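The data blocks that follow each hold one structure.
Next, two complexes with chain A in common: one pairs it with chain B, the other with chain C.
Moving on to the complex of A and B:
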């Protein structure tokens, strides 16, 4: 096929390979597929939660309208107390996970040979590969009155009576959250420690900074964006995963995820959407504050 | 202070690391141990049996659920991986990196119950809109669009798994040298051929592990599946409803262990396979990088 509009330089025929074929021009659009998909099925539904949350509730569904009843149901009831309490417990889980998990990230970066570092971190993916529901359910026979922990402690003679506070209590929820989400602080801590070159440790030694000052004044500020991302991840999941309070918690252990799923079971869709919208607002607020404080784009540095 | 000045401190740190991994894994192993006990949990006597596993495989409902689970996992993987690849390529080329990465990683930060509640209401509304449109136009073929079922579950699972696939693929792509694609294009290869013959062989390991990762995540997923699935049951939804209704029965221990065995076998297989493969790939790298003599 000859192109009439395209006359070559000095009468020469135009150079073929440099013109993209129709197929290539079409396939350029293919790269937008994931973006379009995510906008359509992720960003849009999340944004629409705000709209649906003010719809009027009907018997089995909802209809367009404007009503703040769902928010009233949330803010002027025990739900708000539960939500705030679960925020507190979630914060405790973040703190415990950080204390247990972050030193591992530091240790791996500092003391494990470069080539083996990724393999050591991969160890923490192993538990993550077993279904979350199974890991949480499996904690029941472990923490129960006659479970593994109590039996072991009794046999060792360390306690006289089984500890009953481990399950169906807030402690149980925290244990469940820490055991479920701790690997994430190891991963994000590991990524965050990329910002802390190994020589920093030697410099600190040479200048005579002790481990505490080294940690507070040097490591923490450098690794802050990654630590923050990991902490937000655990915090938000502690608030949003309904399964953990459902299975590990006792009465009163209710988080946002559980409120939302219970609302759906009760066919109160506007309430479920209001909870989702509140969670989105919480997340956005946290990310905004984090970005102002630490510039979260730094986390992406290893990916570029 | 170097690590070997106090070798015992160094060893204690290693011991701590392994202890944490063991603690994270111990409930799973404990469940596996119980699942082989004829007398179930808490019994005074331990008698080895595989009877509970036999019960799973003779249960028609469960086998049906297993087929649905596999169907979901395979479909989601087949769709997520190319999308993850496209997204990673797009990320490399675009200037709006922060927006792209935000869009693709944000699902990680939205808790499963919240995301699936939002999707559930969204799909129901979309479905109702299509039904209304169909009624206006007098056609009925749109009535089933976005009705809760296989498609909506797959969409939910893609949103769940795409961040992981994207990150894994992006990290492997980081090791690829872009000049090779330019060289291939200069030699007259089409974009697709340059990708398939030059780039893909080098990022294959990452694509492969992303696929396995996606499969496992789908296989294990409960919350998103249970809210978006509509009529059918998957392995985890059967398991959870059993556990919530009847408490932990011997059979549910066996089911939990079975799912864990599958996941551990898969991931173990992948680790061995990728290690072997990366060695083989290193040996193959030279001939692959040579110019291809495919007629234009």
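Moving on to the complex of A and C:
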């Protein structure tokens, strides 16, 4: 009698049992890396932020406990007013960025040759290669009382007095936010426009639809998810980046980021955590509404 | 050699090796230099601390630090600051109490600092600044700079010397005035003005009650709503740009802001002496608990001695305009004409005289990093911002 392991069926050599290589075994786990990353660097810090926000404040730090004092300090003080005001100004920045940035995305998609489109969009990355603080500081010699804009307008005789509304005002903050964050709407708008077939423009022309109707009835619905994503980027940055109101804003100009920073400076860590938690809740709420309205998964549709 | 002797000899050798090994970290730390957590304003001479090292006869490993209280607390009380730093700086009049109460810094032996004998008298027991370097009566810090914050003004445009905080709130400078975006100095200086001008009853401008804070902030809110302030500046460069660009003509600010703005703009921007008083403050240098544990005391005392030397005092006064913490600066300058030319000497004399005038004002009030009603300060400051 011959052992089955010695010879295979029909005299063929025996089949080796399947043993995945180390690389194959590891590749299965590789799919979990993004999940681990998200849990470690996103979900966990978010959860801790909420937990810390209800801790008791001590003189220099905080101690475990359950207190809603930080939230009370936020909602029943001028901080809420500041927060809502900064939301308002961020919304204006979103609107202005959309009006200036989205036509650029449409133009690139419609009028620039296919091969050059991505290169043109990449040009908008260039400002991001310069530190944001440098970019914001560089605006001041342009916008200040004796800056480039005022000097030019005065020399041209178009104004008699320098325009002081351009800097150290809410307008200054909006200008700073638009110039800093507008590329977001250009990128996401361009990506969204990839969902709009080029022939749509020709079809609209053939059917006699004017530019306004074409934009409102055709382009906007198709590009809505991308526009919304870009708008959220700008809105959240407008709320959170403390640098811009600090450098461009008027007396006491603040946004949510600056409220949190100032709370930390005053060693009020639970309050800083509460402000951050409220910002996160605001963002989550926005994303939920956006997803319900526009199905944000469509942003990735052109890439599928 | 019997077995016992062999064992004992080897045991002795082993103990010796172990003892040497135990000493190694201390020796290594000293060789590595004093790990010094401090901002650039703590340095004079060359930009890389080499002048300081040479003069003190020590090696310094500097780690840049901001002036924010929360940074120190986070590092030294909550974080791993004692493992990272042998010495550090911060604001006197609060931070030394906070850090000493948390066992983050070590008590100092002033007998080991020869220049302690020439420290400004106000730091000695009973002096008005004695508490700013002590915790529970024991010395935990050495001051290295101080000042009385005042008003910077554009003399070229205004054409007269300003001597009262009144101008900061006066309609003639509506929209051309700036305050610091920090409730500490801004509320204290405003409180000093309101108290000394009889506009509000305030007991201690550095540690106000909730009602007093409310009164001061209400005053600022009214002025802000009337368009008095162009902005609240935040950060050194912001303060400089505002004055240099003539965006504002008057600003409450640190003296180095005025000095750099005047240089940058090439204009006569001056720093006044306010008749109502000023918030006075100092910066201190401290030995961390970790520094003591690593045996860095002697190196630290050499650094502290340098900070209390006229060598440092003359240079910080001539450079960023901070007040020296010791006597004998003018004599030192006179004795070193090769180092200090006539122009620098005149500058030092002028600055020191102005500082003495400011420090002598009765209404001055020391900076308080942690006022009793901190929450009221925070809440009312947010209302000023929202107004």
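In this text, the second predicted complex is superposed on the first by the 267 of 304 C-alpha atoms of A that agree within 3 Å, B and C clash if a C-alpha of one lies under 4 Å from a C-alpha of the other, contacts with A are read in each partner's own complex, and residues count from 1 in each chain.
Here, contacts are C-beta pairs under 8 Å (C-beta built on N, C-alpha and C of every residue); 3 or more make two chains touch, one makes a residue touch a chain.
The model shown is predicted, which means the values in this text are computed figures rather than measured ones.
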Touched partner set for A:50, first chain B, second chain C, both or neither: neither
Contacts of A:264 with chain B and chain C, given as first, second, both or neither: both
Contacts of A:252 with chain B and chain C, given as first, second, both or neither: second
Touched chain A residues, chain B compared with chain C: B
First (chain B), second (chain C), both or neither touched by A:140: both
Touching partner for A:209 - first (chain B), second (chain C), both, neither: neither
Partner chain(s) touched by A:87 [first = chain B, second = chain C, both, neither]: neither
Partner chain(s) touched by A:297 [first = chain B, second = chain C, both, neither]: first
Set intersection of chain A contacts, chain C complex versus chain B complex: 61, 137, 140-141, 146, 263-264
List of chain C residues in touch with chain A within their complex: 68-70, 73, 77-78, 98, 102, 175, 178-179, 181, 224, 229-232, 234-235, 237-238, 241, 245-247, 370, 374-375, 377-379, 381-387
Residue numbers on chain B that touch chain A, as the complex places them: 1, 3, 10, 13, 16-17, 20-21, 23-28, 30-31, 34, 41-42, 83-84, 86-87, 89-90, 93, 97-98, 100-101, 103-104, 106-115, 117-122, 124-125, 155, 158-159, 162, 167, 170-171, 174, 188, 190-192, 216, 219-223, 227, 236, 239-240, 243, 248, 252, 256, 259-260, 263-264, 266-267, 271
Residue numbers on chain A that touch chain C, as the complex places them: 59-61, 73, 77-79, 81-82, 85, 137, 140-141, 144-147, 164, 167-168, 246-247, 249-254, 259, 262-268
Chain A - residues contacting chain B, complex: 17, 21, 24, 27, 30-35, 37-39, 41-46, 48-49, 52, 61, 100-101, 103-104, 107-108, 110-111, 120, 122-127, 129-135, 137-142, 146, 148, 179, 182-183, 205, 232-233, 236-237, 239-243, 256-258, 260-261, 263-264, 269, 272-273, 275-276, 279-280, 283, 287, 297, 300, 303-304
